[in-house]
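When the chains are written out, they are named A, B, C and D in that same order, and each has its own residue count from 1.
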């Protein structure tokens, strides 16, 4: 059971009954809903690739916790090789799905929780670390899909959690009982929440004394009473409902708003509970891990963007033009810079007191900053290479129309040896890559805003050491 | 009648019966169809603003052709002031609609046709120029909405028109009769074709001797027999069909594929017919005019993007953050650079033999190149400022749900003095601005590809003069 | 005398005896010093071009003040055409000299002084405006070269003028006598101070009540007692002293530090004296005018950079390579964007109460921001096109060496029809364009820092109007 | 002797008598000449750091060839750790010297020669590989400073070597004798040639059958008869001759033109001799290694640029300004991206048949492309942060002037606790970093032109694999 198959994953998901509202309607059997199923398929790839001969080396790891093989999406980073393998595994999954496969946030959150709980226990004599390891072992043994509940809705962003007119704008503890804590709040942009078995909730900012009820971390099954998923509406959903003109024909992404409406968390699932000074370290460690994940993911997405650009150039008959080749070269450069920085963030990782390895934050944030600039730029170049049909392609429905179908087919033909249908499919993929908002916005805002990456980058840089170098060269006495 | 009202425009459109297929179905009363109506509304603004006291100075011009007042969207550029007013009028229309109002292409095409036909007649003794002026006078007197039929589908782009396996990949003359010419072919990305009275078709590239049947220009009513409009499918169309979550609540854009299936063009509507060496000048003049139009349009769109960024920063409570202010400053810089270049392209315009003024092509293409880089960048900055909710906003339908509506409303609240509904509306507008593909792709590909702008820019630059300047400074003898 | 010749200018300069220290030595006959002469030559061009048939239309204006013809570098901006002509005149001068010709700052300062003194007089009943007009008329009648004394040395930039430990870090009034005021302080980066007849000193920032002795503006002959010019040391000066390997064989730039060591200013040359709230308007108006000047100047410098790039590509045998053509296209785009914005800043100018026209600040600052990014980028592209010899060219002295001169000549040959000497000259020009620090730093810092341009741009933008546009589209009620 | 000290290095250099012409004069004792000495000092650092406790771990390696410790600048890349250490060693040296320390090109050339000779021998049964290993062992045992003779002067770049009007525009074999080969030609931009013991000459492009006499590689002592060094003239040389206002007070760079005037190469120093199809692989391998070296070097230079920016911000009193902090953050991002990509190019290296490890060329070229864009941009940001005094600083000579020295000192003061002298030194360092052309041009052109990096990047990218990924997602059948 430690390595579920894709089918076992889907089956286990169907056994759960998360509460979900989609476009105003409460929905049952949510993992088979046409708007959710594409991401279930994407997550299923993380199970499937663990069983395929040529990819299992990246997807399967040996765990010290269980002593056996586990899916790498549940593995603690026991050494540098684990971090390097993570980047490569994630690039592979992105290449395979062309979208979000969701398990990175859980992986990153479990590692951050494992590391920081060790520090909390050292200070307070709590036993969060053992709880966390027990939980992670359970996840490993059952090969669960876990996502991280991180982004609070935040209300007025100029105010701290405890200053908000409505105290629920950040998730917080509303009661402590003998069975556990009661929490209330809401988390936005919860990529894949309806495709997961479990959520691991973390605080979303630094907290001070007054905010201590907001300093809380815990894990829960996704169908726990009081957890409500509200589907969020993006572009291109009519395609999924129609089942044609899909672009990405099999995979997709969903990002519900998740509301915690007075939810009970049993004590053995609580990993932070009021120790407010650890909220920031926990968040930051998760965020730095996740920016590292993004590097692998977006290099894989980059491969898709480059492949789509090169293919449509072939289909249009312009693959040899010097400006096309130059633009593809720029796309390669942009994609590889993220991969390079994240591999280096792995090899420059350092061991924490918990034994978990922590990525180099300077290199991980450098990667993320390039992502926020370069992915949009790569999409621009892809559209430039492809041409206006990205936005002005008739539907497959028109191909089927008896009166004009043959004319549409005739006039949308590109080079001789490619069918009109294939050319239309490639344009639809490019449309998807450019206009499916969830991935595009995540390129910019995922893992925190670019400003958050910048603040981290400067904070983690040793400016004083660099000043010394410059002064020495200039002949300035210390 | 020389200045139609918005209602008269809509009424006149309903009198026409263009052939239209939408998502596989033939559609009647097309201008009232929910997927077409938003652009009809946008075009209607060009009529409405001509009757409003504070805007009529930009929208109304005095025509030498009719001797009276005409809508400036039908006016020949009789002087530099006409070109300056055009840029300002277009910026105003874009500010008002936030999308395409369609009449620029016709305006630009009419001017190019008026100018180039004069040159053709000089060489060949033809009477195209009088035909063109007569046609333009008719358009002015009836205040018609004309669009330019320009972008051929092109097939294999490495081949010239006459080399294509299917000779119809560029629109061409298939027969010459006593009543007129018969043409066949198809034009892609025909922004607003279903909102127009007339189409003015131009060739889409340079033509050589062998391509001479492709060197053709003409005008026709939009419901002429044999003209077929195929609606093209873009993102966010489910919103129009639902009537909620619209973003831009009133205006929109459509870009059909228009097929010319053996269409008869009467001789007095033919403005180029085989004089192949004039295909390139005609296309280029149109294209340069249209890049000039883009500058005004995108400065107006820039105002919307900046306004949306500043508003959502207010709503989120972050308007005072230095990085937000810095990003908005960048957006201003990017927007104004297009406006500045196009105003200057107007004041540096030169009179052609026909009396029509031609914009400075170096400055017009400079503007367009900045557009193709800056508009995508402005959208990136807008998303960066707004945050992830651009992609992950529940639907208005969820607000109406009895069980969770109040929770959605509670948790999506921003600053105290703005309602959740207004905040959701602004996020929907931002989603629309970023993910309605027709405008976004047009920012990059409109008025020809960036490579076309670059080629034009270099061709129109006097490198030899600049070399002389450098050599003189270096002390190199001529 | 209203239009001096170049020779008359040089002669008149030699009649003056400004105090100058160059590399530690007090120097007489400074305008003939090899480190100063190149800029004297550049300034002389502004006189010479006023007498040449093909350029006098740009260089000569009709003045309302004198009723006759004046050099446009002394002209008040009496209408939009004056501002448009200014941009074109400055581009011409930059094309001709490839460096700074110095008279723009004086021109811009005289206009700002004329306009703002009118406002001061309105408030306080002072007679600064008449004094200013009298002074400007004197400048016009004698065709004087005036520069603006603007950049205070500033000390600790976190402190206001009156807060500095040393009160002299901003120029200020130290005494008021019956003959005039006594001032003390120092101005940095005084481009061309040793090539001018007169200095017009302006305040360099906003001033408050406590800073009122720093709110001072006045004009003086350049050899007034107490004014000390300290030459500042830049790269490539050994070339001027050697007289070979010059790059720009005739023209150059110098930027002394000018110290005002208790200098008496007669009352009729004082234009601001304690009215602190007018310091900021006066500075800003000057600065906005000067950013406008930069646009013309840098478009002209751009022509040189482009010409040098195209020439060296010819000389190296790579002019036809697609990447070279693409880079030159980018250089054209970058250069023209400044020209376009500044022409538009002219046509969108507005009349002030004084009758002087004021440029559109949004467009002028947009131009300057592109300059600070684009000129460095153009230099990078120029080096990329030219190749490593920009940094690794033997001296002309080596050509003259009997043992190796013939080998140097042999091995530095490019294409067959260009002499090695000419190729070396062009590489030297490119070295000059890239590594003569005064112009390169001015591209970035001239007319105030980029941050100053950004602050101005945002201040001058009507964000509220843009918010309204966005809200209306989103359906948000006002 | 395997690890020379800095003094031993300088002493050994003085024992050699390379032929050198500096500014037209033949010079003896060249390594003590004020224009050469600064780079001798920089190279000496590579010896000195090998003896310092805290840096020897990076500078000293264990060699399989000698079985003992060697300076890492002579080490073959025996494994991935050697490549990772190389990047870190080079960053350290750049941080320490702020300029070129010259030994990278030799290191990279020796490794490329070791690897490719193995392939040549396999095909032709030659014994180049043993010769090469013997040579490298000699270099290791004597800890020699070797530079790579790579950049031919190239003449008309549109012509191949054998097509040039003058056959000597690429270095080539003019005779084969029993003692060795006679070669003629010239190499440009020979960084540090006068600071080295040895030169290792490689071909500079792909060669065809007709070019086979140009396919030649060999090593020679730097004072071999017929090798002539012509010093090349750059900016700021008067500072070195004066000994003040230096900026970088101890280190510098020189880049002679080196002429091979019928030079005899003994057979055992010849490593390629006519096997033209190996010219390109040899060059490319060297070039890819050297782009990898650049990444470390420029990250170290980046540290200096950042340190100078942060220091001058302190000195000016603006360190806390948000725009200053934002610009420094950008500088960090730009610097680290090169370091990250080159570390990753190390860990993704692959073993060649010779046992030498070869860096991942995609990541190494990605780094170099960012360098060519980012280093100029970092310099721009540094100037923006520092301000205009970078270009307009009086000389130290002025400080010493009795009449005005005290005034210069008074007026150039920044914040209270920093002396004017230190502030001037930091501005001089910034001037050096921005306007010493050799390093600045090398940032752009070093390791081949940006176009060469682009071509390599595209050639090394598996586009077909990426197309397959895109097609699979789009549902296109293979």
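Here, a residue touches a chain if its C-beta (ideal position, glycine included) is under 8 Å from a C-beta of that chain, and two chains touch if they have at least 3 such contacts.
Predicted, not measured: the structure shown is a model, and the values here were computed from it.
Asks: Which chain has its C-alpha centroid at the greatest distance from the C-alpha centroid of chain B?
Replies: Relative to chain B, the chain whose C-alpha centre sits farthest away is D.
Asks: Between C-D and B-D, name the chain pair that shares the greater number of C-beta pairs in contact.
Replies: C-D
Asks: Which integer distance in Å separates the CA centroid of chain C from that of chain D?
Replies: 38
Asks: Approximately how many whole Å separate the CA-defined centres of chain B and chain C?
Replies: 40
Asks: Between chain B and chain D, tell me the centre distance in angstrom, where each centre is the average of that chain's C-alpha atoms.
Replies: 51
Asks: If you look at chain C, which of its residues touch at least two other chains?
Replies: 323, 326, 454
Asks: For the complex, which residues does chain B have touching chain D?
Replies: Contact set of chain B toward chain D: 322-323, 326.
Asks: Inside the complex, what are the residues of chain A that reach chain D?
Replies: It comes out as residues 84, 95-98, 246-251, 303-304, 306-308, 310-311, 314, 325-326, 328-329, 332-333, 336-337, 339-345, 347-348, 362-363, 366-367, 369-370, 422, 425-426, 428-429, 454, 457-458, 461, 463, 465-471, 473-476.
Asks: Quick one: which bits of chain D touch chain C in the complex? Just the residue numbers, please.
Replies: 21, 23-26, 151, 153, 155-159, 165-166, 168-169, 186, 188-189, 228, 230-238, 241, 245, 255-257, 259, 261, 316-318, 320-321, 323, 372-373, 376-377, 379-380, 383-384, 387-395, 397-398, 400-401, 403-404, 407-408, 410-416, 431, 434-435, 437-438, 440-442, 444-446, 449-451, 454
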